[in-house]
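The two complexes that follow have chain A in common; it is paired with chain B in the first and with chain C in the second.
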Partner chain A sequence: MRSAKQFVTDFGWPRIIIFIFLVLLFVAAPFFRVRIDASISDVLNRFGQNGLFVLAMVPMIQAGCGLNFGLSLGIIAGLIGSTLSVQFGLLGVFGFFGAVGLSVPFAVFFGWLYGLLLNKVKGEEMTIAMYVGFASVMFMCIMWLILPFNGPTMIWGYAGKGLRTTITIEGFYRHFLNDFLAVRIGDSFVFPTGMLLFVGFCAFLMWLFLRTKTGTAMTAVGSNPDYARASGISADKMRTISVIISTVLGAAGIIVYQQSYGFIQLYTAPLAMPFAAVAAILIGGASVNKASMVNVLVGAFLFQGLLTMTPSVINSALQTDISEVVRIIVSNGIIIYALTRKTKVTK
Partner chain B sequence: MSGTKSLGRFLTEYAVVIIFLLITVAAIPSSGLSIQYIVQEMITRLGRNTFLVLALLLPIYAGMGLNFGMTLGAMSGQIGLILAINFNIGGVEGLAFAALLGTAVFMGWICGVVLNKAKGREMVTGYMLAFFINGIYQLIVLYMMGFVFPIRSSAILLSRGYGIRNTLNLEIVRQSLDNFLMLRLGEYTVPVATFLVIAVLCVFVVWFKKTKLGQDMRAVGHDMSVADSAGVPVDRTRIIAIIISTVLASYGQIIFLQNMGNMATYNAHDQTSFFAVAAILVGGASVKKATIPNVLIGVILLHVLFVVTPRAGQNLFGSAMIGEYFRQFIGYGVIAFSLVLYAWRARKDAAWSREGLRGSSSGAVPAAAAAGGEGSAK
Partner chain C sequence: MGQQGPLLSIDHISKEFYGNVVLNDVSFELKAGEILGLVGENGAGKTTLMHILFGMPVIADTGGFKGRICIDGQEVSFSSPFDALDAGIGMVHQEFSLIPGFTTTENIVLNRESMKPSILNDVFGDRMSILDRQDMKKRAEAAIEKLGVKLDPDMLVSEMPVGHKQFTEIAREITRSKTRILVLDEPTAVLAESEAEVLLKALRKLASLGIAIIFISHRLHEVTEVADRVVVLRDGIAIKDTPVAGVSVRDIASWMVGRSVATERVSEGEAREFGPEILSVEHLWVDMPGETVRDVSFSVRKGEILGFGGLAGQGKLGIPNGIMGLFQAGGVVRLHGKDVPLNEPRTALEIGMAFVSEDRRGVGLLLDESLKWNIAFTAMQIQGKYLKTILGGLFRIRDEAEMRKLTEEYIAMLDVKCTSPSQKAKELSGGNQQKICLAKAFAVKPDLLFVSEPTRGIDVGAKKLVLDTIHRYNRDYGTTIVMVSSELEELRSICDRIAIVDEGKIAGILPPTAELPEFGLLMSGLGANGSQEDLSA
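Moving on to the complex of A and B:
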């Protein structure tokens, strides 16, 4: 009894409710003629698409920079890399790794600047990150219009300039990871092995990194800045490193997302993406200043499961499109829950 | 030396205003718009937006930062308007009816309670709370109205029988406050009644600051623990500040929408806090300090830029979209920039006052303490 109570407090009520809700959706699905295998396949796919974004939250949370509402900066770096890759006509394996490789320098540079900025505004990181992200997305909107890209599949046909809002990567690196060792069972279940392996590998690297000297120092800065300073760790340096890692992961994340989704989405598309990642890691049990790999995996799975299952089940059950509203309420409710919780480690 | 120092101080204090003024002045000629047109637009837009921006003042006094939760009030105001249209109450009476029903005391209370649990990160929490309540708003307006709550007028319902239409025609209340007392001044028209309402609110704010409650708010804003030990009920004062702000925002949104004349039921409140916050920051306010002149200057500067940039983008780059993106970039950029500037200065002041406490020279202490107090770092 006691251990059950302990488990509940550890796991937190919101997560338990969401978990039960998700299980109920899966149970109810067959009654509304929603295919379970297709749903599971969808959930796995979306888990892979968004896994890296959720993972990108970890370093900054650990280093005490709060939730990375400015993940859009990393996404922008990824978009630059992927548009360049398509522009240069890189195909298949070169396309994917070319996109990642081309975006990393941008991500490191943006992350470095962004980290320097956040070091100047300790305590107000989250609000500022949000608006820095918004402003950069808008700035890039102008850039997408005027940068001299000229791939015929990328630019508007009638104007002859300006990138399209969505660019297909069919024939470039679409499903590059998804199809790698993919397991197909029946007609509607595909296990995207390659993508999940890639996400798992990145999560493993992050897990390793957090146990290295630098990783430990970073966690120390996040959980007790004074202690960290006393042991001779440069807080600013550690925070900058965490921001750079987060931004690079954001860049790689959008490319993983694109190869599965099949399109590069430009212009205002990155505006809302950080919020989904923030909601996911919080659903996974992270707080504003503590996050682990378990939080990432559980969170990404629960959140994406919810996103996949509510539309298909609730819409066919009630014959309405109410699921979008359910999504808004649940994901933002979770963020508020996390922001208002008294955390043991106070700043 | 002190001359350059005060000049530097002046520049950082008004950096946002100065930069904005330069951009605006540069953009006006390239837009090709006449000064008469811009002045008339400004008169209209001052009437339309000032009330909403004024709603931000009290939480700033109470040290809660920019109240991104004002969107809650805007949504309440919109529900009030939907009901006024539903009962077909037009004119100024319709607005009063909407204001009465839309009075967002409960919403403000919710917002206040939530923000009290998130001390130190009120702004981001308020922002997320607006998203959350947006979900509830959609649940009520899109699914419950006409289904759970009876709606008399079928004209405002979606064809499926429940839920309010995406665009609501506010014909019966359109500009009823503006036209209540319209003054013609040469080639300009001035909505006197709207400006009177705004003036009354300004007087209220000035008066309120002098009351006991207003003084308590300032004390809480200055230092919560000191206020607490002086016997000021900190949490209660903060909640009251947010309630008043939210209620004012609901009235502000009604004034805004009666001027627009129609309402995008599910999007009209999306950018309410963005425009209001950008305006007050452009006017030279900071997270901790704001005045009525900040509001007026901000509304004028921001909206001149908003009027001229699409045209300037069209003329300079041959694309109106560039101007559109540019003005959004400027809006978000201004918010980011002034938040950064403020947080950076607060930290610098705090570091300086710590330096003073180490007491290397006795003269430094009071000066540093004064500076720390002014910037009032946490």
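Moving on to the complex of A and C:
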């Protein structure tokens, strides 16, 4: 009894309620002729696609920079890497890791600048992060048009220049991770082993990192910058490192997303992604200055689960196609809920 | 006072934190105009009881409490401190709750600002009134006057010395016209003795106006001096409730710990031998708000314990803070004859110095982390201790097992009251948090240790333990110690020399055996400058 109670307090009512709701959706699904196997496959897939974005929230939260609303910056670095990879005609394993490799220097550089900026606006990080995200996306909307890319699959056919809004990566690195060791059962269930392994591996690295000397120092900076300073730690340096790591994860995250989704999405596509990641980690039980791997995994799973299941069940129940509307309502609803739930801890 | 019924009654209160019982069936009553001294060892449950009385959210968040609180015979239940304020309870917390960016005046009249109607009132109502700063200042000055202290009404809280902050808090509570019950949780811990004296006088004045006061302190002589009645808590049980008349400090101390307590001098008076000079400081200045150091020179020999005393705000606290690089400083500091770069906390630690800050919640602790982290952190970051390599040397990560061992060692050594090394620092009582701060510095095993107010908020029994531990480190490891304290007695009990700081300068250095009036003279700024010769005696 005691341990059950302890479990509930540790895990938190919101998560338990959402989890029960999710289970109910799965139970209800067959009655509305929604295929369970396809649904589960879908949830796993989305979990993998978004996992790294949620993971990217962790370092900045731990370092006291708050929620990374400016994750778009990392996503943009990833988009630059992936478009370059396609432009250079890298295929398969070279395509994927080429895209990641090419995006990292950009992500590090952007992250460094972004970190410098955030160090100047302590206490207002999240607001500024939001502006940075929007501004960088808008700036890149112009750049995508004028950068001298010329791969025939990439640019607008009629104009002969300017990148398309969506670029297919079929034949480049589509499903590179998804298909690695994938398990197929029947014709609508695929277990995306490779992608989940990759996400799991990144989460493990993050877990390790938070246990290193630097990771510990970073967490201390987030807990009490004055304590850290008195122990000889430079708070600004730790914060910058956290921003860089977050930005790099954002870059790698979008490439994982693309290989599963099959397309590179440019222009305003990165705009909404940070919000989903923020909502997921908050749903997972993180606060504005504490986050763990459990928060990441649970949050990503619950958020993506709801996002997948609610529209499809409601859709079938009402026999109309309002799935897009429902999806928008559900996702924004959760984001608003999660943002109002963000808890502060003792300063 | 008269024979009327009790103003406040605490009726069979019990409280547990996750199964850890901290208050067990506590009852007592308080009459108008009475001063009740509430004492008990660190972690006995004093602060917790006051949190219950004041409706602090932390109580409800951790499962509420059992029992009743009655005011004027009516049962009350506060769902927040605002209800408690409305019911006429004022509280000065163990930790400050002032707004740093506001001035003294603004903090004192906070939420009860004087308003002047403006033209906008007619249209928008009261919310558009403008602040009547003149009147606010007058009210603040009246409150300060009532306390009988000197405070600058226009000073920002962030720039005040701690003593002033404490008086500001108290002034805030007494300007509320409704306040009938005033709770003070260790208000004198941060004050020098002379300032504490002023505060006690103010309390007596307030009591004569009919305000009932609950006064918590570890300085038991203050309790016997000011209180009418004393309630002793031991492990959450009120084991004694008696009038103060005829009760001695020693009685109270033995009730608190359940055995008799000795209060002799720690060092045995052996002839002490010191090594060569380890630290020399010349013309140090430190820009620490409220504790400015203007021009300080001194030297310390290896193995020595040097004390710094003096009134609050005179700069004694600035000295270690400046040398350790936490505040802007200048001058020449040499450790082992080598220049110490100032304003670089990391270098200061790397070359073998460590510091226990007086600001325990500000820079002393990671409140949201475990005790393990708090104690091992500095040693890990500076000396690479408590790390282990894994995956064939690919990564070096925290060695939780070693950290636990270290923490358990200090928990035993300093008798820290906690549930486990993984408990969060914020869940400890004030005095036990102080012990964690000390453990953190000891864990670095420094050559030179600065300790600032090491026994602040520590109970009589544990005080001896802490001083003994400092003394033992000095003797067993040859650690040189520079100790800053507002308590002269404490300095005299373990220091080899005591420097008194006045107006940012050293007014004089005395041996611990010097007569009390000599110290008093130096503190009051009347000391002859002639004693400067024996600076490096």
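Things worth noting here:
Keep in mind that, in the parts below, the second predicted complex is superposed on the first by the 310 of 347 C-alpha atoms of A that agree within 3 Å, B and C clash if a C-alpha of one lies under 4 Å from a C-alpha of the other, contacts with A are read in each partner's own complex, and residues count from 1 in each chain.
In this text, a contact is a pair of C-beta atoms (placed from the backbone, for glycine too) under 8 Å apart; a residue touches a chain by one contact, two chains touch by 3 or more.
These numbers come from a predicted model, not from an experiment.
Touching more residues of chain A than its counterpart among chain B and chain C is B. In the superposed model, A:121 makes contact with chain B only, not with chain C. Contacts of A:27 after superposition: neither chain B nor chain C is touched. Using the contact criterion defined above for the overlaid structures, shared-chain residue A:17 touches neither chain B nor chain C, since it reaches no partner. When the shared chain is aligned, chain B comes close enough to touch A:339, but chain C does not.
In the overlay built on the shared chain, the residue A:139 is in contact with chain B alone; chain C does not reach it. In the overlay built on the shared chain, the residue A:320 is in contact with chain B alone; chain C does not reach it. For the contact definition in use here, the residues of chain A common to its chain B contact set and its chain C contact set are 347.
Every residue of chain B that touches chain A in the complex is listed here, in rising order: 65, 114, 117-118, 120-121, 123-125, 127-129, 131-132, 134-136, 138-139, 142-143, 317, 319, 321-322, 325-326, 328-329, 332-333, 335-336, 339-340, 342-344, 347, 378.
In the complex of the two chains, the chain C residues touching chain A come out as 19, 324, 326, 345-350, 355, 357, 362-369, 373, 377-378, 380-382, 384, 387, 395-398, 426. On chain A, the positions that touch chain C within their shared complex are 2, 208, 211-213, 216-217, 219-220, 223-224, 226-227, 229-234, 289-290, 345-347.
Chain contact summary for the complex, chain A toward chain B: residues 66, 69, 117, 120-124, 126-128, 130-132, 134-135, 138-139, 141-142, 145-146, 162, 275, 288, 320, 322, 324-326, 328-329, 332-333, 335-336, 339-342, 347.
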